[in-house]
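Two complexes come next, and they have one chain in common, chain A, joined by chain B in the first and chain C in the second.
The block that comes next holds the complex of A and B.
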């Protein structure tokens, strides 16, 4: 299987390599083979990295917490309310995946900027005198932008999970006397749960791993761990091993939190 | 199941979401024609000036050619490899193993592009391959593969494998069976998946940026201009990129529709 080989060579090997690299040491522009946990110690003792990590996780969780319910509601509507147009609506939502990643981020900067579309429109209409500065260069701007980018990706798994729920399931429950809310809790949510889980993973991981959005709309105060990682590879004073360690610390934090949150969701829905 | 009032609420929500998804894109296209250097309201006149500016950029031609070359490579290589993978996975009898294979194939779509980008850059660095278009091409194929596999897998789930067995029973070689039976049947799907890969490649920025060195693609060029500050020719460039993406995805969607009608045709043909 050539594709399997391609994955092994260009995905498996580099990921393992990056992990090994995170235990090495940078000296000037050279990477010295000198195994240690020094990079991880540096991250664990640096208040700056910790602050960035906390912000990154927070932005990731908030984004996922907005994206997943929105995607759930959309999938519900497509499946049970606009049944006949469901496919068309799905296509429309998915099409926005191909509306240009950089273009969208830049567009949000255009809209939210200090002299941007929203502020200038409000001023033109005479609703405000001074531009609203908080719109851009904040975590809000990052979250608004990321939500728009990740929403279609979150719809995909939830929608396909809901496709397994038939009208028969629902009618059977209704015949047995279930009310609407009860129905949602006992049938809809448990059956859609695998999709919700996948959507949450997508949204959380990809939001926490993004660096282009905070760089363009987050401002200097809104930088996330991804920006620091990118700088360790492309910036001045690059430090590859440290960047690799930072990337894995972030991935590990996200994965641990993901497991915790998914367990909590399951406990709530089991009840 | 739903009463009238709720339906209105649902429609409002749906329209609001679509507005949220598409308004940014509309803004970019609108401002690419607006007659002011600042991106603000009110718009006083329309102009093609920014498109002129964009085309006057000496980097645009190389960026465009590089983007198209990468898109073509991604379509061919990711399309071919992804189709082969989806076929191979279908032949695996045990559903557990097949599920695990498919899940593993989707991993590059879940790992942040930043991590894929730096991991690849480090691999190429260790191999002594300096950053170039070639390195970026390897990255593009990797990023596109999960989506090709997902598309092809969905198509093959409804593929009638018994006609292949009949062909083999009638003495066709595996190659002949593929050329005369399988490929004509799945061609629209393969085309759709390949065009999807081309669209993904055209829009890819992160992995490209870490691996392409000093070369340009359309998104890399747009990124460079963005970092320099406000420049309305970005809107023009972005609109061109959008136009290309929409064309690719529309054609891809159309071939997908043809794919869905293909199985019924094959059944009729078999009856003759």
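The block that comes next holds the complex of A and C.
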């Protein structure tokens, strides 16, 4: 079977099923076939879901805004500054992918916790008297942890795209009077744009869709739309149709935003 | 045989042994005790478990599983009602064993939802040794058929670090005191948390709340929120937060967390607010509908229901035992934590009558479970 067939069967069909489900109604433990827009109306009128959606998108954008430039800088360093050691650095960056997702989150807890590595070091150096509580169980912790987890994934496509850029390109641009920021904006980013776009997709979509990291390090405010979608599919108090509608509203918002942002990046980096 | 086992276990308790040694010893003896009854059963091959981490009993049943050539494949749920989701999303026909709690199982059976299969109690002879309340547990029986064999029971106390606190306050609402700022962790459980705070503000039946009562309970929770460090994703995660020292009191915890702390060198104690108290639970082994390895499931449940196994799993999980003879084999320090008078009486006293889960559907003014879930989400987002 061609790849498209697998994709249609394993992704397309379940998505269509989920989409149909979003127009049905939950009654007790049953799903009642009673087509309506009630679930979408509930989402549109509920301050809870609107706040969650905004919060989820904010976490996704902030994470991507940190991860993509970091991945770009790392890729640049590997490609042009530490050219000989580039592969070694890449292997070291990718090393973290060999550990489990949960293990990496708990590792960040060990680093950021009240009695964690960072607070202990700062106290030992005499820079703080009390542990910095905001380092863990906060939005900061969520974004730092997501950045740590997603950075290797974002480095890969940008590094690959940069392989097509040669020193000759850079030198030619410099000869024509292009300075550093101008060079990045008009030469490097446009030439590496497919990689930047893929890196942004990884960082933004995975951060916005994640609900495990915020639950484990985000503290009392660590709720994302993904948690609420998951709650709607649990046994007691579940509402599968509402969960499906929430998933599709989130998907639509995130995709629209993704397209807008990628177009904006392309426009900014054009002449 | 039983006297021999009892003697050996008593000797082990009085000696300076670790819990792990006890569990290993007890499981070995229990395996020996169970072997004759398995002679005619067709056991061997896979056994798929989906339930709480710890209750799978892999430590206790290690030798039993090996000697019967059973390949045990446990996977764990993160909430008490996740089994239904797993079952309905491709899990049917793949899961053998489940560990539902009493409220969940009662709700599912009452609603007539397909999940559990009725048990052939003749294949679980050790179930005759259960305490009376568990032998005739009303939450496990429907139309005269039994749907589960109780494994352990207990309450949801506060778990605290005695290096920081001498005792727990009288009421859950007292946790709003600023002295608890940055010290609390709760479980991500809408039903347990709202129930405790509804009780604290004086709701007559905290499982049946009107919209106004639900709002008041969540408002009470909100007064405590500034002092909460994080919301634990599971009991183990909550224990991790306590062990790391990121919080010093877990509200609505499990005595098992004190055992986890002990293993990691952190002393944790359990106590409940004296005025409000807490609620009781019991988890059972149940067999899923269309379970592919029913013979293994029956053999395993019977093995785990022997006095020795039951004492071992209760010790391992810091919980109450459900088998009468296991009581004598249980460490006095552990068994004194639980009011065994309840389980010696028909119906189980408060264990049988107390309900935590709200109704699934609205009932007059009483709001359904979905309203509790939404209120909990609003609490987390606020």
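The rule is short, and it goes like this: the second predicted complex is superposed on the first by the 235 of 271 C-alpha atoms of A that agree within 3 Å, B and C clash if a C-alpha of one lies under 4 Å from a C-alpha of the other, contacts with A are read in each partner's own complex, and residues count from 1 in each chain.
To be clear about the criterion, a contact is a pair of C-beta atoms (placed from the backbone, for glycine too) under 8 Å apart; a residue touches a chain by one contact, two chains touch by 3 or more.
Just so you know, these numbers come straight off a predicted model, no measurement behind them.
K.L.:
For the combined arrangement obtained by superposing on chain A, do chain B and chain C clash, or do they fit?
P.N.:
clash
K.L.:
Based on the superposed arrangement, let me know which partner A:216 touches: chain B (first), chain C (second), both, or neither?
P.N.:
In the superposition, A:216 touches chain B and chain C alike.
K.L.:
For A:202 in the superposed arrangement: first (chain B), second (chain C), both or neither?
P.N.:
It touches chain B, and chain C stays clear.
K.L.:
Name the contact category of A:115: first (chain B only), second (chain C only), both, or neither.
P.N.:
Both partners, chain B and chain C.
K.L.:
Contact-wise, after the overlay, does A:92 reach chain B, chain C, both or neither (first, second, both, neither)?
P.N.:
A:92 sits against chain B, while chain C stays out of touch.
K.L.:
With both structures placed on chain A, which of the two partners, chain B or chain C, ends up touching more residues of chain A?
P.N.:
On the superposition, B touches more of the residues of chain A.
K.L.:
So, does A:103 touch the first partner chain B, the second partner chain C, both, or neither?
P.N.:
First partner only.
K.L.:
With both complexes superposed on chain A, which partner does A:57 reach: first (chain B), second (chain C), both or neither?
P.N.:
Once the two structures are laid over each other on A, A:57 reaches no partner at all.
K.L.:
One more residue to check, A:133. First (chain B), second (chain C), both or neither?
P.N.:
second
K.L.:
Quick check for you: in the superposed arrangement, does A:238 touch first (chain B), second (chain C), both or neither?
P.N.:
second
K.L.:
Of the stretches 6-14, 186-194, 222-230 or 240-248, which one in chain B hits chain C?
P.N.:
Stretch flagged for C-alpha clashes with chain C: 222-230.
K.L.:
Mind sorting out which residues of chain A both chain B and chain C touch, each in its own complex?
P.N.:
106, 110, 113, 115-116, 212, 216, 233-234
K.L.:
Give every residue of chain A touching chain B within the complex, in rising order.
P.N.:
1-4, 6-7, 10-11, 13-15, 17-18, 21, 70, 73-74, 77, 80-82, 89, 91-93, 95-96, 98-104, 106-108, 110-111, 113, 115-117, 119-121, 124, 148, 151-152, 170, 201-202, 205-206, 208-212, 216, 226, 229-230, 233-234, 240, 243-244, 247, 251
K.L.:
Using the touch definition up top, name the residues of chain B that touch chain A in the complex.
P.N.:
Within the complex, chain B contacts chain A at residues 1-2, 6-7, 10, 13-14, 17-18, 20-25, 27-28, 31, 38-42, 81-82, 84-85, 88, 104-105, 107-108, 110-116, 118-123, 126, 138-139, 141-142, 145, 149, 199-200, 203, 205-206, 209-210, 219, 222-223, 226, 234, 238, 241-242, 245-246, 248-249, 253.
K.L.:
Sort out for me which residues of chain C touch chain A in the complex.
P.N.:
79-85, 89, 104, 107-108, 111, 113, 182, 188, 190-191, 225, 228-231, 233, 237, 240, 244-246, 357-358, 360-361, 368-370, 372-374, 377-378, 380-381
K.L.:
Flag every residue of chain A that touches chain C in the complex, lowest number first.
P.N.:
Those residues of chain A that touch chain C are 26-29, 48, 51-52, 55, 106, 109-110, 113-116, 133, 136-137, 212, 215-216, 218-223, 227-228, 231, 233-239.
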